[in-house]
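Next come the structures, one after another.
Two complexes, one shared chain (chain A), two partners (chain B, chain C).
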Partner chain A sequence: MNKMKALVCRECGKEYPTKAIHVCEMCFGPLEVKYNYDEIKKVVSRKAIEQGPHSMWRYLDLLPVEGTNFVGPHAGFTPLVRAKNLGAYLGVEELYIKNDTVNHPTLSFKDRVVAVALTRARELGFETVACASTGNLANSVAAHAASANLRCYVFIPGDLEAAKVLGNLIYKPHVVEVEGNYDDVNRLCSEIAGEHGWAFVNINIRPYYAEGSKTLAFETVEQLGWRTPDQVVVPMASGSLLTKIWKGLNEMKHVGLIDEVRTKINGAQAEGCSPIATAFKAGRDFFKPVKPKTIAKSLAIGNPADGYYALKATAESKGAMESVTDDEVVEGIQLLAQTEGIFAETAGGVTIGVLKKLVKQGVIGKKDVTVAYITGNGLKTQEAVIDAVGRPTRIQPSLLAFEKTFQLRRTNGGTP
Partner chain B sequence: MIKVRIPTPLRPLTKNQGEVSVAAASIEDLVNNLEAAYPGIKARLCDDKGELRRFVNIYVNEEDIRFLKGKDTALKTGDEVSIVPAIAGGSPWPA
Partner chain C sequence: MASLRFHIRFPEDKIKEPIIYQIGHEYNVVTNVRRADVRETTGWMDLELSGDVAEIERAIAGLREKGVIVDPIELNVVE
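Coming up: the complex of A and B.
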């Protein structure tokens, strides 16, 4: 089956071959994969998916690659956790955490998009891969490139968290630290991509790369027993993830996997970098770029490429957008950890903070089946919480010292 | 003269040059002078109303002109201008 018909410009409709290009020559609009849905409909089914591999590749029929020689064969199919404690605390009866803190191999949702991007890059014959990244993407590209024997350059801003820098270096790609913020890195990489014939996963491979995010929507629906949630909360950096979750849900309906989509898509940003949420709340369909200043560095994109489409997707779904302060981000990380035992990175703190706010505002109702997307692991952003978590209780190695410190009475062993 | 870096999609219009030089006192001026030298380029950069297209980013000495004065941003000899397509790839549904 030839799934992909062409790349098509989202703005003017001009079609291009399915190569490593991302911009329409005529109007600079973004290019998007045009699928052969008639063919896909013939083969896709709930049963076929359920019998597929325990990875995001069980949705292969809806992903833009030609073969099955996957880079990143184990990405995705992460747990959908029923969050009873957090739900009870917030007042939401049926709350779930889509837990990509344990995605394989680099503990963020980026393993999904990179698996698609590098699989496609290899199909297109590339030997060098690269990316502009706020951290997680670079980690994932570096790890996957190592396993696929691809040359690799990752470009990161100069102020990244230590674990995200080390999480690149360990795989030994060329790690290029650019003096500037992500938007500087991104602009530089766009120019480099124009001069060097590499596969920049989030630039010239972007039409394929971005599609990997749809699997977060697919998995959610399947794991809910082929139901769509009433509400989702999605963190926004470029805005791509949010638009692709919306697309994924609608695509499932289009190919007959589900009957209807009633999901409201809610976007979450940190106040120190909230160009999309600010535009949404002001009722604008365009955003103003900002200079980011937040601890949520993985979301610190001041000129979000997909901001315009994220605004559209949220509006179409009748969802909302909100932002939270850095203090609320830290509180959100702690709340999720202490209620559900899931340690999220700062982006997760943003998501939980916004979830809390939307419930309080009544935007998310008590009876709404709600899914919060937790996209990265807290061990990578320890700087953000180190001053908030306290210290261990230090004691001498003696039973007496222990009992005294914790004021415990002996019960002569036994069962509880 | 102002040095202008041209992105790949526009190079067919600039005889495949990745960098060109034009005289200009502002960004608006620059777009018009580029058009005079390389006919057809303005229609790619601007919409029917003459406004820069949504997915076109322009930088003066590495700074986004939206943080400066937009189309009215002044230019002087020695300035470097980059034209860079925005990298969008998401799309809402339905198309």
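Coming up: the complex of A and C.
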């Protein structure tokens, strides 16, 4: 089955062959994958999916790769956790956490998009892969490249924290520290992607890369027993994840896996970098780029490539957008950890903070089946909560000291 | 001869100025606007500049000197 029909311009609709290109030659609009849905409909079914691998590749029929020689064969199919404690605290009866803090192999949702990007890159004949990143994306590209024996270049700004650099160096890619700021790295990488025959995952491979995010929607629906949630809360950086969750839900309906999409898509940003949420709240269909200043570094994209499309998807779904302060981000991380035992990175704090706000505003109702997307592991951003978690209780090494400190009475043995 | 693509933004106080015309005259580059949205208080263009790479670099610096914000066509690629 030739499931990919073409790459198509999201602005003017011009079609291109399914190669490593990402910008329309006519209008410079971004390209995305167009599928042969009629062919896909003939083979896709709930039963076939349920019998597939315990990874995101169970949705292979709706992903933009041709074969089954996967890079990242274990990515995805992460737990959908029924969050009874957090739901009770917030006042939402049926709340779920889509827990990508345990995604394989690098503990963030980027493992989904990178698995698709590198699988497609290898199919297109690339031997060198690259990305520009300050965190999760670099980790994932470097790890997947190592396992697939692909040459790898990771570009980072010169002032990146040591811990984040280490997270990349361990996989032994070429880590290129560019003298300059974020904007300098940004422009250099765009130029390198244009000049060298490499697979730059979020530049010339972006049409394929971005499609990996759809699997978060597919899994949510399947794990809910083939029903769509009423509300989802999605963190926004470039805005791509949100648009692809909306696309994924609608694709499932289009190929007959579900009857209806009744989901409102809600976007979450940190106040220190909220160009998309600010535009939405102001009723604008365009965003004004900003200089990011937030602890939620993985969402700190001031000029988001898919910002316009995220605004459109949220409006189409009749959802909402909100933003939270850095203090609310930390509170959100703590709340999730203390109610559900899930330690999220700062993006997760943004999601939980916005979820809380939307419930309080009545945008998300008590009876709404709601899913919050938690996209990265808290072990990666420990510095964000270091001042908020307190200290251990220190005692002398004696039973008496222990009992006195915690005001415990002996119970004569192990019975409670 | 190279052709490079950029997304440029005009601050509100620059919207009325003929900046693309000026750049085409001040530097030896061909300017080609492919997509644009210019309103009362905001404006952007997707622009192709063709010429020698060094001259394109000078034109970009010139745009920045005039207060225009220049980004790659892909906007932010560092994730």
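By definition in this document, the second predicted complex is superposed on the first by the 398 of 416 C-alpha atoms of A that agree within 3 Å, B and C clash if a C-alpha of one lies under 4 Å from a C-alpha of the other, contacts with A are read in each partner's own complex, and residues count from 1 in each chain.
As a working rule, contacts are C-beta pairs under 8 Å (C-beta built on N, C-alpha and C of every residue); 3 or more make two chains touch, one makes a residue touch a chain.
From a predicted model like this one, the values you see are computed outputs, not experimental measurements.
*Asks:* Output check: A:A210 vs chain B and chain C. Expected answer is one of first, second, both, neither. What do you get?
*Replies:* The first partner, chain B, only.
*Asks:* Please indicate which partner A:E32 is in contact with in the superposed arrangement: first for chain B, second for chain C, both, or neither.
*Replies:* Only chain B; A:E32 stays clear of chain C.
*Asks:* Is A:I364 in contact with chain B, with chain C, with both, or with neither (first, second, both, neither)?
*Replies:* neither
*Asks:* Let me test your reading of the model: by the given contact rule, A:A237 touches which partner, first (chain B), second (chain C), both or neither?
*Replies:* In the superposition, A:A237 contacts chain C only.
*Asks:* After the superposition on A, what does A:C131 contact: first (chain B), second (chain C), both or neither?
*Replies:* second
*Asks:* Between chain B (first) and chain C (second), which does A:V329 come into contact with in this model arrangement: first, second, both, or neither?
*Replies:* In the superposition, A:V329 contacts neither chain B nor chain C.
*Asks:* Of the two partner chains, chain B (first) and chain C (second), which one does A:I301 touch, if any: first, second, both, or neither?
*Replies:* Second partner only.
*Asks:* Just chain B (first), just chain C (second), both, or neither: which does A:P157 touch?
*Replies:* second
*Asks:* Looking at A:V185 after the superposition, I want to know if it touches chain B, chain C, both of them or none. Which is it: first, second, both, neither?
*Replies:* Second partner only, chain C.
*Asks:* Using the superposition described at the top, list the residues of chain A that contact chain B and also contact chain C.
*Replies:* 11, 22-23, 26-30, 183, 186-187, 190-191, 194, 202-203, 206, 238, 286, 288-289, 303, 305
*Asks:* Would you mind writing out the residues of chain C in touch with chain A in their complex?
*Replies:* Listed in rising order, the residues of chain C that touch chain A are 4-5, 9, 34-35, 37, 42, 46, 48, 69, 71-79.
*Asks:* Over in the complex, which chain A residues touch chain B? Could you list them?
*Replies:* Residues 10-11, 22-32, 180, 183-184, 186-187, 190-191, 194-195, 202-203, 206-207, 209-210, 238-244, 246-247, 249-251, 254, 286, 288-289, 291, 303, 305-306, 308-310, 312-313, 316.
*Asks:* In their complex, what parts of chain A are in touch with chain C?
*Replies:* Result: residues 11, 22-23, 26-30, 110, 131-137, 155, 157, 182-183, 185-187, 189-191, 193-194, 200, 202-203, 206, 237-238, 286, 288-289, 301-305 of chain A touch chain C.
*Asks:* Any idea which chain B residues touch chain A in the complex?
*Replies:* Residues of chain B touching chain A: 5, 7-9, 12, 18, 44-45, 53-57, 59, 62, 64, 66-67, 82, 84-95.
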